[in-house]
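In the two assemblies presented below, chain A is common to both, partnered first by chain B and then by chain C.
What follows is the complex of A and B.
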């Protein structure tokens, strides 16, 4: 620590260079943070998928509907604790770009299945009592400025009402919060019974089931048992753990992880060059000084430490500021203005970022530092 | 200094500087590589959006229209009975050839097939068509095998789908509602969206999906002389119909606009942040270059060179480095990404679209322009700094 002042004054010697190097490191880490958030948003749901939940859908594709009566059959299977069905409503508010998820559910079963959705008890009671009542996520409420008591018309692209209209009106009776970052808070949930009694076609049909199992260790066997149950039925199913389902969905978008890794490595390679070059330059410039330091009794190791210290300082300051800035920018919201729920930087990726900061510092500083250590006093002073 | 004009001064100093670059190879290379990286990533990401857009543009034929149920924004959500199809066919302006009326009623569903790259299920579009479907799409051609026989549960597969998803080669079969539908052919459709799809006889699909005699869209070719507006008015004013006709071009652009916007937005954001990083790197390089040449610059100015040529020469050096970097980056992106095939989710249709990354000329120009801007900013401040240094101080350092 006693060398800190020394490192600091060396960095201040060429303020422009230090500042520019720090800023380029910062840019790299802003990008890293931002890309992490994008990947998290595209892989929506993977991070927060319940280990004890399975998704049951039609074997041919998720757009094909299942039967409401299958719930009983699923719940009879050994190892299944609970099951509830969800359906895709496919509606928009006022115009097609105001697109978000509306899901007709069995309210009590749904809230039991997803304890990460936090709904005030009074609002829950109000929801249970209101036929056309809907609860919405905090994120959705903020996106459209909706409050409890509002009545909102939603035009469904799939379901028309018995009177032929495809506009459904919902009373917002509650706003739910989420227990964990990354859980979707942009949904609108409403009574399945409300859909069932008013829809023109498809009576008794539901989209997919979410199943809670007693022991996540047996997920594969239970999934197979569910699919076996319906193997000879008119509708066959495909069952998989919620995490695998979310991963499969993310894979449909493309290999975001791979693209991101490609970009990040291109960026880091560049920044490594910039920082490494700066450090090499700083050491070359000061060959004489290092020789003097050694002449007055600094050990080789201390000189190595001084150079590495500078590099670490540059990387930590630049990287730290970069990650902080990325955090700030991401917290302002996603680039599409609310259509990408789950746009945030997971804690794990922040740790990865910090490790990268240190790796960058070492990689950029090690060659110049070794050079400085190897410096022989007589040769260097002669130059 | 008469007869030794400003321009020749610039040239003299610039040539002198540029010839010096090899001596400062390390830091110059840093700037070049940095800018090359920015341009390569920017062009690479944007070429995804361009590729998707190109696929959509190629899907649309100039005189084609698509008719959906009103209120539906996609074929998947649309649906109407065979009686509606008959009424649509009576509308004015639909072209007629010896094969009959160029109007193709179609069904559109998705089936899950594993993606070759990940092994996980993807929503692959499955289209039910009648023989006219081949006539309304003029760039349709079989590249392998043959067309399906009407009434049989045989399928043909677009080249994009056959590449991207497992089990779609001629001779294999797809499982739909407990039946095996053999793949009998692979087709091309001029690089359009149809190449991502699987096609089957509409009647077979109606039966398998219990759709009775209903369809989801009608694709029709209008006579070159007739007006879209007349056709549209005829359909929308008919009280027996509840449909919305669109020009095919408009429909496909709308289908991909979200995807295009998201990718372009993300690509631009990445390019800006990386560009800032590259500006800092270029500034660093040029400041270093200038500081190493303090005495040279001071000597030149003592000899009577004015500060203008000094500024210009530094800027020029920075620009040259940026252009080299930009050109390398653009070339790299072109070599690595152009024509690279991939598939992604098209939110518009909730199904996969296969496409080829498209590194086109305007995109390369954009990349190199971006590099030039980075070079200009990266050179400007060091140049001013160089020109402002008092001559005496710099020379004293000799």
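What follows is the complex of A and C.
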């Protein structure tokens, strides 16, 4: 601790240089935090995917539909505890930018399958009794200011009504909360039966199945058994764990993680050069001072520690401010105005950020610190 | 090479057969050759000689800032040339005070914090460190300039701050490399007065490298070095 004031005084030697370097580091960590939140949003569902849930979809792609009758066949397979189907509705509220997920489901099966969705019992009963009733996530309710009792029109890009209209009206009967961060609270869930009885085409067709298995250890065998079941049927399936399915869904627009890693690596490499140059310059211009410190009794290791201390101080101040600012900006909401559920910086990534701060400090400071450590007093004082 | 009255006394510094050779590329430069020297406690020794004669090198060897190529350097009964780098640094912190021609104060630290620097290596509390730094500054006549930064001090004041830094740990031996070399006559005299007082009143042993005969006159003994060998001795 007694060296902190000394380290701080040295950093204030060139205030402009120190401030600019700190700002560069800060900018890099703001970017890191923000991109982390975007990656998290795109990978939403991966982290919170249930180990005991499998997704069964059409073998060709997710947009090919399955038969409603397949549920019975799936549930007969050994190791399957439960199954329910979901379908993509593909609607928007008022304008295309007001996009969010609407899913027609079998309410009781769905709530049994996803216990992480918390719905008040009275609202659940209201939903079961209301044919055109829908429950929405808390995030969605806040986004549009919807409340229980509202009737909202949704224009579907996929499903038309029997009267030719593509506008469907839903009565909001409940608002669900989520049991853990990362679970999507921006969905609208409504009765599959309402879709089935009103749609112009596609009767008996569903999007995909979610299957709960009894033992996650046997996930691979059960997935293979499901696909084997339909191997010779008109509609063949591809079954995979929920996490892999969510990852595949996110990868439809590219490997977000790889893109983010590329951007962050380029930024950090640049920042490493900037910070490293600052530290190298700071040590070079103080050769005499380091020699004097050694002359009055500072050990080689102490001098190395002082230089690394400056590097750590610089990186921790800049990186810490950057992560804090990223946290603040991300907490203001996602850049799409709500279309990116799960837009937040996970605690694990904050830890990764702090580790990166320290790695940056060490990488930038180690070469100048070793130079200062190796300095021979008599030689340095003659310069 | 000892003065007659010191023969038989227990010297603070003892050099035996000290050689120092620098290697520059394939060239070997003999800076000091076969040097034997004893410096008694309480002496104020001036080291004179032309540039390149090995004065500063000799000072560096006595202060443990460099190591002899061959021979031994003993200070206060301890053979320092065989100490590890870490032990040598700790030894310097406790036993040696260094004063440089160009002061080498840290520009971003106040006079008091410059003087406090060697005390950071001790276990003293912050309050005690500050107290001792102020006391050292008062001894050198700068008790009123504790919060001033080096750039706001005159050359003489900076050098006196450097001396305060050298004495703050109460070392037995002060090594001064051209302490008045960068000062005008008046400031130089003030610094020499101070060194003389430290020698006489506090019993500090002082070895001072100088080109200046006027400065050397303040010493109790003057040694002349030429081409790495002690040539001439004068006792005042």
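The criterion applied here is as follows: the second predicted complex is superposed on the first by the 383 of 383 C-alpha atoms of A that agree within 3 Å, B and C clash if a C-alpha of one lies under 4 Å from a C-alpha of the other, contacts with A are read in each partner's own complex, and residues count from 1 in each chain.
Here is the rule we go by: a contact is a pair of C-beta atoms (placed from the backbone, for glycine too) under 8 Å apart; a residue touches a chain by one contact, two chains touch by 3 or more.
These numbers were taken from a predicted model, which means no experiment stands behind them.
In the superposition on chain A, A:213 makes contact with neither chain B nor chain C. When the two complexes are superposed, the chain touching more residues of chain A, out of chain B and chain C, is B. Contacts of A:289 after superposition on the shared chain: chain C is touched, whereas chain B is not. By the touch criterion defined above, A:189 lies against neither chain B nor chain C after alignment on the C-alpha atoms of chain A.
In the superposed pair of complexes, A:2 makes contact with chain C only, with no contact to chain B. With both structures placed on the common chain, the touch criterion links A:300 to chain C but leaves chain B unconnected. Contact with chain C, but none with chain B, is seen for A:381 once the two complexes are overlaid on the shared chain.
Put simply, chain A uses no single residue to touch chain B in one complex and chain C in the other.
Here chain A touches chain B in the complex through residues 16-17, 20-21, 23-24, 27-28, 30-31, 34-35, 38, 59-64, 90, 96-97, 155, 157-158, 166, 236, 238, 244, 247-248, 251-255, 259, 263, 266-267, 269-271, 273-274, 277-278, 280-281, 335-336, going by the rule given at the top. Of all residues in chain C, those touching chain A in their complex are 57, 60, 63, 65-66, 85-86, 89-90, 92-94, 98, 100, 102, 104, 106-109, 113, 117-118, 120-121, 126, 165.
Against chain C, in their complex, chain A makes its touches with residues 2-3, 5-6, 9-10, 12-13, 288-289, 291-302, 376-378, 381. Against chain A, in their complex, chain B makes its touches with residues 26-27, 29-30, 33-34, 37-38, 40-41, 45, 71-74, 76-77, 109-112, 115, 117-118, 120-123, 175-178, 209, 258, 261-262, 265-266, 269-270, 273-274, 276-278, 280-281, 283-284, 287-288, 342-345, 350, 352.
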